[in-house]
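Two complexes follow with chain A in common, the first pairing it with chain B and the second with chain C.
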Partner chain A sequence: MRTRRQVVGSCVAALMGGACGQSPERSRSRAPQAEAAGPSRVVIARDPSLGSGGGADSAHLAKLLDRAMQAFYNVDDALEAWRRLVRPGETVGLKVNCLAGKGASTRPALVEAVCERLQQAGIRARDILIWDRLSEDLESAGYRIATGRDRIRVMGNELLGYEDELSSFGSAASLLATALTRVCDAVINLPVLKDHGIVGVTLAMKNLFGAVHNPNKYHPNTGDPYVADVYMLPPIRRKVRLAICDAIAAQYQGGPSYMPQWSWPYRGLLVARDPVALDYTGWQIIERERARRGLKSLKEVGREPRWIATAARHGIGTNDPARIQALEV
Partner chain B sequence: MKRLGIVSLLALIAVACVRREPDPFPTGDEAAGWVKGRGRTFPASELWRYVDGDAERYLQAGIERTVTAEYRYRGQFEAVADVHIMRSPEAARRIFASEPAAGSRPVEAGEAGRSYGPSLTFHRGRYFVRLVAYEESAEAAEALRALAAAIDRRIQVARR
Partner chain C sequence: MRGAQDRRTFLKAAAGLPCLPGAGAAAKTEDETRYLAEARYYEKLPYRKIKCTLCPRECVIDDRERGYCGVRENRGGVYYTLVHSRVCAANIDPIEKKPFFHVLPGTTSFSIATAGCNVNCKMCQNWDISQVRPEQVRNMYLPPREVAALARQNRCATISYTYSEPVVFYEYMLDTAQAGRAAGVRNVVVTGGYIKTEPLKELCRAVDAVKVDLKAFSEKFYKEVVNGELKPVLQALVALRKLGMWTEIVYLVIPTLNDSDQEFSSLARWVKTDLGLDVPVHFTRFHPQYLLKNLPVTPLKTLERAKAIADAEGLRYVYLGNVPGHPAENTYCPKCRRAVIQREGFFIRGLHLKRGRCQACGQQIPGVWES
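Our next item is the complex of A and B:
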């Protein structure tokens, strides 16, 4: 028996998919969780006692994650929050960002905490896939590749493959990773808070460049409209349910590669369903740090992330500060 | 026939020169305390696989390829050494100069070098080198300077 809300959600999902004939894989997917009414909530959870280096204490990190999730879902119990996000039987993908290797990638301790909570919420280990563009990126960031079907899998797109047919929207035409299209029912996006030498910042939306075969084609014109257009590809819109941004150590200059001299300990996590609101909020955090350090704004150096506004115009979410509820906990 | 022979000989010499590209990464006692791990090579056309968006500025400056190696220092911390082999010394100098010097100190490595503490850059000839340690300490900064000096020596030998 499905609730009215679930039925409506499925209909919205079908519309977002742009097709009525949904495959079984597609029909399992929950609706995209766009916040059409009311403000887009962005939780900023910080812990000043958290170590910012590679050895960020995992127990502290798990507590911070719980606090962020409880605040985002406005519940007293962290597990209740996870149960609202995923359902037992679903295959959940964790899209990490590991291109920069250790130092500026989604830290394994955070992903471990997410995996633990997912399992406590009823997701089997074998139904969790940690994935990124290349296995060697994952290894560089400290993950161990695991392909066995009886455990949490950790794999790059080169192992799982890409679709044979192009998906397209606007300026984007790409082969999508099968991790996204076939393996996972739901995706949790785990980007890193950092500067990007061409597109300004790389956060939630840009992280999905790791789901296409040709991200190198999408950097002209400071990524506008490419970043927004890639995010419009239906499986991305339909399956990415939440973004949990690793902002334990953030970077305000010199990204996306790791440049320790331009990193700072933010000691936080950003959680949002609306990737535009999250990216706008993260961008402002980076701008404030740049200003504090006497650096010019991204606009002044020709790297304003205009694609965030384009994404808002596409209807992915909002970049209007008046419609973003930034909740600091 | 004689001309063909000369052309073939020149071609062989050219190929031999290209293949003689040295390994810039020190091993063993060349850089005390450092142990070399995995190494990788990225031609210009594949550089995006390594540094994604960061590749653009190297391509614009004129890069041939990047070789990179992982290192570990006395079992205490890890580092990565990137050697970007540019098309010309001017391209290497341009990349070096394009990065903000704020917060850095000059170091004796290459034709010009900077230490930012946990990272270090220098250029020599058409080589632009970046070292990054996953550790912020005086010891890490000192160890990076030693590694930079060893890489610099290898580059100088290669250029002779």
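Our next item is the complex of A and C:
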């Protein structure tokens, strides 16, 4: 096991574009554990002392992340949680959401903390891919593109390409990003908690629009059933193992662009395996903030995210509050 | 990803041009700013949002987002086309391939397209360029004056805006049409007709003929198969006729989806009353494509039934398409019934017109002919 400094150094180097060493292999054959049958757990981990802007440093975030992961997996050791999520030898994709620049994108400090824990859990740096739709989006959010195969890679779909054959389900027919289909064995979904001017909210499921070549086709009718249908595409269902939603600074209006006047410091992370439960929970957080600020509900302004209910009907997860175990830590 | 043509064809069409970038994955190496031009039809909204007013969809778009077409982007509250001079398909085609049957028969057309489309038809035969973003296909830089020069150099009578959906590359089409006209080359548009009236009016001042793919005669079909609406397309067709634009209609007949007698009758009656008997209607054969691979090829008898219904309604120029060698590919003089243009597929086998008149009886045949 490397020292913390070595691991952090390797992560920072990758995110900032420098060279990155390899993590030692560990022999372990245990498969990632599925969530126990029963309610869908959504962990809401918050730290009131956490700065919501640039002050949310990786050390603080790592602690919050550890707390969230321990609670989600119900273990005392954060590393044990990560070992339940990934296996050494796997290539792990981190699907971030970087459309909105530095103000409302998945922050590099969080991704850095995830990379650190993945490496401690036995994933080699070169087997980690941080990806989004476009490299320029990643750069605008503070990431540096890294394509070398000896380090953590940071790349947009335009560099990795798309499949030639369509994948389809219901209303969705898309070419999938090869980052999802060919490069990664597992994907950790890292969306942002924010409002969306067309589809209501953009959280876990909507973030996978970054895995298809034609997201512009999926916004009519407030995204229903498109968001749910895209998530039904088999590689997405098969490979996305966990969602860790960056809710350090959230946005209750004006998204998906960054609008500082409608952003508020939620100082939290949402962790779930069930993306429907996470999206429902995140939606309710946004609704409560809208109500607190005197804004109409998303339904009243014609942007109710009905696709969440559609996703539940597809069997992706549950939007029934009685079946969602929201665990605040 | 594939392009609409093989590389050899593309290179041939692009011969002598200064730039032919590689596949879409290399798009970052392109100088993308040369493809940018501010959109002509949009409204600025608060908080850097914009509303596109080019097509009936009227997308409201946030900063850094694109419209449904995928080729227009809001950058800081200014709306841009990303495909000006960004050609992903270029070919020299017979005009009959568009198909235009009443426009300069036997001539060739310099045919260009960019990526993108403002609908998403389940039967699209060019989905690999129409349903993608410009950076996802191979492109070349082909500014308007070079298109006009290439068309002249290759003795093309027209420039066609085709293959994908020219409405989404409106600014480029308009500029190229003006350049073509200045160079003595005419311009024809092959479109789904999903465009608002104001931009259509402006376009009509620069082009010579428009072919509209009327994909069905029911809103249900437009909603479920096209991801659009029928009504604006009908409005565009009426506007074209009022503007005096030469217009032809293609109706792709798809088994079980738009092939009922009632739909053919409704279509024919509407053309007769709202557009006139002289508007050519092409009933063309469907082949399984894209998201409609589960349906069979259109039976010939279905096409012939459609034609019979339209003929009975009194339409004068009803054609069948994608059935090479069928007599309904020919143009018949409505007065003496002689075949004034004989066709076989995209080829002209006989041309018995003189300045647009039947050589046998002198009857004027409507269209755009050599003067």
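Here are some notes:
Here is the rule we go by: the second predicted complex is superposed on the first by the 293 of 329 C-alpha atoms of A that agree within 3 Å, B and C clash if a C-alpha of one lies under 4 Å from a C-alpha of the other, contacts with A are read in each partner's own complex, and residues count from 1 in each chain.
Definition applied: contacts are C-beta pairs under 8 Å (C-beta built on N, C-alpha and C of every residue); 3 or more make two chains touch, one makes a residue touch a chain.
Bear in mind that the values here come from a model prediction, so they are computed numbers and not experimental data.
Superposition of the two complexes onto chain A shows a clash between chain B and chain C. By the touch criterion defined above, A:161 reaches chain C but does not reach chain B. Applying the stated contact rule after C-alpha superposition, one finds that A:219 touches each of chain B and chain C. Look at A:199: by the touch rule set out above, it reaches chain B but stays clear of chain C. Of the two partner chains placed around the shared chain by superposition, chain C is the only one that A:135 touches, whereas chain B remains out of contact. In the overlay built on the shared chain, the residue A:49 is in contact with neither chain B nor chain C. In the superposition on chain A, contact is made by A:257 with both chain B and chain C.
Of the two partner chains, chain B is the only one that A:103 touches; chain C does not reach it. Only one of the stretches 5-13, 41-49 or 329-337 in chain C has C-alpha atoms clashing with chain B after the fit on chain A, and that stretch is 41-49. Note: residues 99, 101, 197-198, 216, 219, 254-257, 259 of chain A belong to the chain B contact set and to the chain C contact set alike, using the contact criterion stated above.
Taken together, the chain A residues at the contact with chain C in this complex read 99-101, 135, 137, 158-162, 164, 166, 168, 173, 175, 197-198, 213-214, 216-217, 219-220, 254-257, 259. Within the complex formed with chain A, the residues of chain C that make contact are 1-2, 24-25, 27-28, 47-49, 60, 62-70, 120, 131-133, 135-136, 227, 290-291. By the touch criterion given at the top, residues 40, 48-49, 51-57, 78, 80, 99-100, 102-104, 116-119, 132-136 of chain B touch chain A in their complex. Looking at the complex, you find that chain A touches chain B at residues 53-54, 99, 101-103, 134, 136, 196-199, 202, 209, 215-216, 219, 253-261, 294-295.
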